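Just so it is clear, A, B, C and D label the chains in written order, and each chain counts residues from 1 on its own.
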Amino acid sequence: MARGAGTARIEWAAGQMPVLRSIAARFSEARPLEGVRVGACLHVTAETACLARALSAGGASVNLAAANPMTTQDEVAEALSENDGIEVLGRRGEGFEEFSAHVATLASSSPQVTLDDGADLVVSLHARPSGPGDLLGALEETTTGLVRVRRLAAEGSLRCPVLAVNEARCERAFNDRHGTGQSALDGILRATNVLLAGQTLVVLGYGQTGRGIAARARGAGAAVVVCEVDPLSALEARMDGYEVMPARRAAERGDVFVTVTGSRGVLRREHFERMKDGAVLANAGHFDVEIDLDDLAALAESVHEVRPLVEAYDVGGRRLHLLARGRVVNLAAAEGHPAAVMDVSFALQALCVEDLVRHAGEREPGVHPVPAEIDHEVARLKLTALGVEIDALTPAQRDYLDTWA
Amino acid sequence: MARGAGTARIEWAAGQMPVLRSIAARFSEARPLEGVRVGACLHVTAETACLARALSAGGASVNLAAANPMTTQDEVAEALSENDGIEVLGRRGEGFEEFSAHVATLASSSPQVTLDDGADLVVSLHARPSGPGDLLGALEETTTGLVRVRRLAAEGSLRCPVLAVNEARCERAFNDRHGTGQSALDGILRATNVLLAGQTLVVLGYGQTGRGIAARARGAGAAVVVCEVDPLSALEARMDGYEVMPARRAAERGDVFVTVTGSRGVLRREHFERMKDGAVLANAGHFDVEIDLDDLAALAESVHEVRPLVEAYDVGGRRLHLLARGRVVNLAAAEGHPAAVMDVSFALQALCVEDLVRHAGEREPGVHPVPAEIDHEVARLKLTALGVEIDALTPAQRDYLDTWA
Amino acid sequence: MARGAGTARIEWAAGQMPVLRSIAARFSEARPLEGVRVGACLHVTAETACLARALSAGGASVNLAAANPMTTQDEVAEALSENDGIEVLGRRGEGFEEFSAHVATLASSSPQVTLDDGADLVVSLHARPSGPGDLLGALEETTTGLVRVRRLAAEGSLRCPVLAVNEARCERAFNDRHGTGQSALDGILRATNVLLAGQTLVVLGYGQTGRGIAARARGAGAAVVVCEVDPLSALEARMDGYEVMPARRAAERGDVFVTVTGSRGVLRREHFERMKDGAVLANAGHFDVEIDLDDLAALAESVHEVRPLVEAYDVGGRRLHLLARGRVVNLAAAEGHPAAVMDVSFALQALCVEDLVRHAGEREPGVHPVPAEIDHEVARLKLTALGVEIDALTPAQRDYLDTWA
Amino acid sequence: MARGAGTARIEWAAGQMPVLRSIAARFSEARPLEGVRVGACLHVTAETACLARALSAGGASVNLAAANPMTTQDEVAEALSENDGIEVLGRRGEGFEEFSAHVATLASSSPQVTLDDGADLVVSLHARPSGPGDLLGALEETTTGLVRVRRLAAEGSLRCPVLAVNEARCERAFNDRHGTGQSALDGILRATNVLLAGQTLVVLGYGQTGRGIAARARGAGAAVVVCEVDPLSALEARMDGYEVMPARRAAERGDVFVTVTGSRGVLRREHFERMKDGAVLANAGHFDVEIDLDDLAALAESVHEVRPLVEAYDVGGRRLHLLARGRVVNLAAAEGHPAAVMDVSFALQALCVEDLVRHAGEREPGVHPVPAEIDHEVARLKLTALGVEIDALTPAQRDYLDTWA
């Protein structure tokens, strides 16, 4: 029997998400979310479908709107509706107006817990004349969203606790270093098929993502150069054995450049002017502002696409190859985070929803860290999924350590 | 002005092939192949187009037939014809009959030097009642082709020297370890988007390709297990820090399996029976015989495609994911060798054609190694292309070493 | 002219401590410690001599007592006295009584700033009937010392600010991961001369030291197994590509074991019983309690020294090799931290002394972190010493980041 | 009961040499060397004692002379005499005259098989008026020795087969890459206690030893630069991700330099003139000619020892630190090859002695490679000792591969 494409995608994702699966199994027994209204404004992907199902298995009624019409997988939305009775507001390619309408619809359903990828839903709920209503608490997954929520809090307008999912230790260990670390290089290879061995790869920014990219590029035979503005991170890069130098100097050395700073104009005119013929420019950090596209366009005598997602800028007899117009290369040229990364993120979210419900009314309004026990629980479930067992402290050790603390 | 897709592909490839480019530049000055008839039966790709152009720049008249209708890039064939006057016999998707006719046509043009990817042309020339005619020498790029040529030689029928391009040290250093090493993992990621970090990757075979895959997988955060039948290779793997164990035991441990042995039935019933749910099976070695597809089909209760190039075999409640039906994953799921790898291969070929012409009549019929000077020259040109300078022996050092030898 | 052994040692250390040297150079110009009485109870080594000289160059009068008679280098003490007029209380091999007397003498000199390696001096000052007198502030270098100081603070008895030097980010980056990471393996090699390649090395504890040891052991060709009790650290180890398993299972696999947990009884009877003949046991963590020596002695039929610092315990027909009687192997069998590590530690200390003097009276009594600017300044000086330049944020970038925060 | 120091050393070595132990066990059963006279001119170490015992266990009568009075361990010689009745000619510190006398004595005992570390015994036997007598065959362990033997062969004077032990694949895999790779860095750390992390380590020569050092230094956090004169090796280094550059340029970058070329004057005036203050110079290649000591002495204004085995050369205001006077640093400053490396070497030797006896008279005079089966057998025994099992080809695979060959 033929299954729909959406169903197949969800099944594949579910297969890669054993942590969330084990939580869903417990939820469907214990029903900790019985009758809770959850509103989620997230990227509509197969992995998100698995999260929605897990919450639903826990007893929640889930309403879902697409956080970004560019990333919406329509066949997944259809499968969710058909198989699980979860309606998804929003389809691929819609405009801003429809998006706003969907968020408003979601807000009007008076969710008790919200899940956001940019704070749109929780901000919208707070902006209602009637205020956030029954809202017990909210989850936020992005740095940008947290900035918005913290601004609300600073103004004294925030009315509920918000858990900062993307600041959880588990999330940090997976998303940036491993998720983006792998998928950024994956995107570069898919776009260009360059051989990394023998090349010099310049990583601009030695945060967790930069570390993940640097380690993988070295494993692939590239000579890695790191550029940093923070002396401690620069020193750590150097102690890890990488060459560290200013970007102007690195510009002359690099074959492939990856920006992962979270800042803007990291590669700009002064760097483009020094680069070698054939240099490849990719951004895996933050929107499309890390590589200064205006500077690049101003320098170029002509531009043309040489492969899908690769544009050649002719600059003084040299060709600079910009990937995905400077947009985040792991999303634009590869598939973004592997499902195993989303497994950890969404496991955190599922347990945080449960925690917000269980401790309703106990937390002050404001941004709170994910409780350490949830972080540990997800790590423990993930180890189990990987088939890894670990030790526990003996009573004697626990005594000894208590004496010290 | 809009350029054709074929022209764009060739330009991109040329940009990635600085070694061949520098040889072409010298050839177009020195014209060492003036009037030489070259017949080539090769995969028709953008990189091959660059080789054909280089030979043409050296003065040769080049006739080209497609070695494999599945890999023929028609737009490249058209661009070669339009821009360079090099006619290509064969288009994508043709059958065996057309292929044979093209080889025969090529043979009837009485080439003086042949280039083969499987010995089809050189064997066909020897099979003519009139024999190989003006043939000065031949190049062969594959292990399979060399087996055929050596059989001819053993029978006493070989009439010309054949240079074993794929046994050149330069080729070995690039093709297997780096070319397939990178593209095999690339193919696995494109097909599955699995997160390698935290997974156990089992490499079956610790030859050059296995070493390249193992090093990269480790760099990507995988725990690597090696299976081998040769005790010396097994010991080398162990001394490189990998776990080494029999395949039956590894079958229980692995999340991702890659066969790179050159043998058959490397993964078979006894292994499938022990594998974990969700295991991924890829072959980067040799045709589609390394993973025993009959055993797998016999075990499976059902099979269905879960992603493009990924089929799930349901085996006793577990799902085994076969990639690309067991065909070579770096070709089937990624783009095969990066152009930088073909640059080295085709630079060797171009210099070997020149050498066969220059030393016409000097070599005995038989399979000969690529001359060491050509190997060194290609390495030197590649270093120059990478911007790397090296030292030379001083006269005093040369004396010292001569005394020792 | 023959120089004394102490002078030679100090010169060598000074050569390895460019950061402290550059601070000393500035101090001798600016004299920021003019007339300040500094009391230091530290290990008397060549590196400590360089710190004492730097403080002295800044104008301080320095009194120094040996924190541990086992580590005192008498020739260094003599050179300090002869060349720099800095008297050192304590000589190698003295007993506890002399040690106490020296601390009391130091306390009676009414230091304004103290430097401690275990809080002996600062605690002693607080215990005086007259209290800590002119004490402006204190520095503490060890975890143990901080436990003591924090207990004082909890009791409300602490009278001055204490900077927690060993919790500075710079210190963490150097000391554990790189300093102990290198010197622990160094100690194991010096004691045993085992070939790490091909061996299985078990690291118990995946903190910074464990990570440093694991990375180096892998680079040396060992297969690395990690044991942990913390699920997040365990998961990080696994995502870094190491095998993770309970210590009982690892006991059967390992050839070399290194404990780095900060806990006790990490290797005990149940592990010794499972170990292979020839296993090597080393501790690089915490005193001599990580390997349970009582359990080991109880199991052993006999014990004898087989090499200096290596004792063979005969246990059921197998031999377990204990290094340095379970004491910290990098100190006992190698030379402890390389001078480059002490350079960073002591640069932090020198700048912290300056900071305590400059901000005298501004901080509350209690344990304070090292100011971030000092951390950054040391990183910056270290990069300069390594010849590494880095970028600075442009004004536009600073604006952009401010907008976000 | 107190055991002698020699006995303790031999016991420790035996514990590290499981391969040789397993061969000795078989020998003592099968007695394949019954009555064979073996003459050995080797370094007298605890490992050599284990080899002598193994041959003796096989039934041979073994006579042993010290190949080098500097490396003779007298206590080992005494233990061999006392416990095993094997007399050793030569004691530590003897002169050339005594050495020659010992070799002559050994020669006069008419050995049937010789073991050499420099060909002294086999050359001496051939130089006798009566010729080599009953000599069935010889083993040679060094490159230098093979040069001498091949010269004999070229002159037509060689009268027996000589097996080139140090060219065996097993030996190559262990000795250079792993044995010297580890012990060279070990020697540098013991001599200087420098922190490798953050430093630039320059490897001059990218043969097996250079590769072993480079991989380990990278694992220890050093940035590695490679210098080479061979373009293929240089290219391999670059494809492994190292920076490659001429030695003059590397001279300005390096903190630690290691020569491993087998040539002379690799570091010389032009390099010393460019080095940074504090640079460390070590040789792990070939005698003391790789670093040009005359050039260094001529440049230096003064020289003095700053630590044992470390001399500071004052050159134009900078200090260059020469280790072990340019002698091979792994022998001079560390303990040379770990016993696990000698285990493989001496296992090869033991099996080669057996093979020479079994196939007496079958081989032509000349230098022969170690038979592949012996190489495989040693690898197999070593894997067993490491507890590693591997697969065997199935009959179907064997057929398949035979079809190809």
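As a convention for this text, a residue touches a chain if its C-beta (ideal position, glycine included) is under 8 Å from a C-beta of that chain, and two chains touch if they have at least 3 such contacts.
Treat the numbers as computed from the prediction; the structure is a model and nothing was measured.
Under the contact definition, subunit B and subunit C share the contacting chains A, D. When the C-beta contacts at A-D and at C-D are tallied, the pair with the greater total is C-D. Ranking all chains by how far their C-alpha centres lie from the centre of subunit B, first place goes to C. Note: centroid distance subunit C to subunit D, computed from Cα atoms, is 37 Å.
Remark: subunit A and subunit D have CA centroids separated by 53 Å (rounded to whole angstrom). Counting partners per residue, subunit B has 178, 197-198, 218, 221, 235, 238-239, 386 as the residues that reach two or more other chains.
Residues 3, 8-9, 11-12, 15-16, 178-179, 181-183, 186, 189-190, 193-198, 215-221, 276-278, 304-307, 310, 319, 334-335, 338-341, 386-387 of subunit A are the ones touching subunit B in the complex. Across the complex, subunit D meets subunit A through its residues 197-198, 218, 221-224, 235, 238-243.
Touching subunit B in their complex are the following residues of subunit D: 147, 169-170, 173-174, 177-178, 227-232, 234-236, 238-239, 244-247, 249, 262-266, 289, 375-376, 379-380, 382-383, 386, 388-394, 396-397, 400-401, 404-405.
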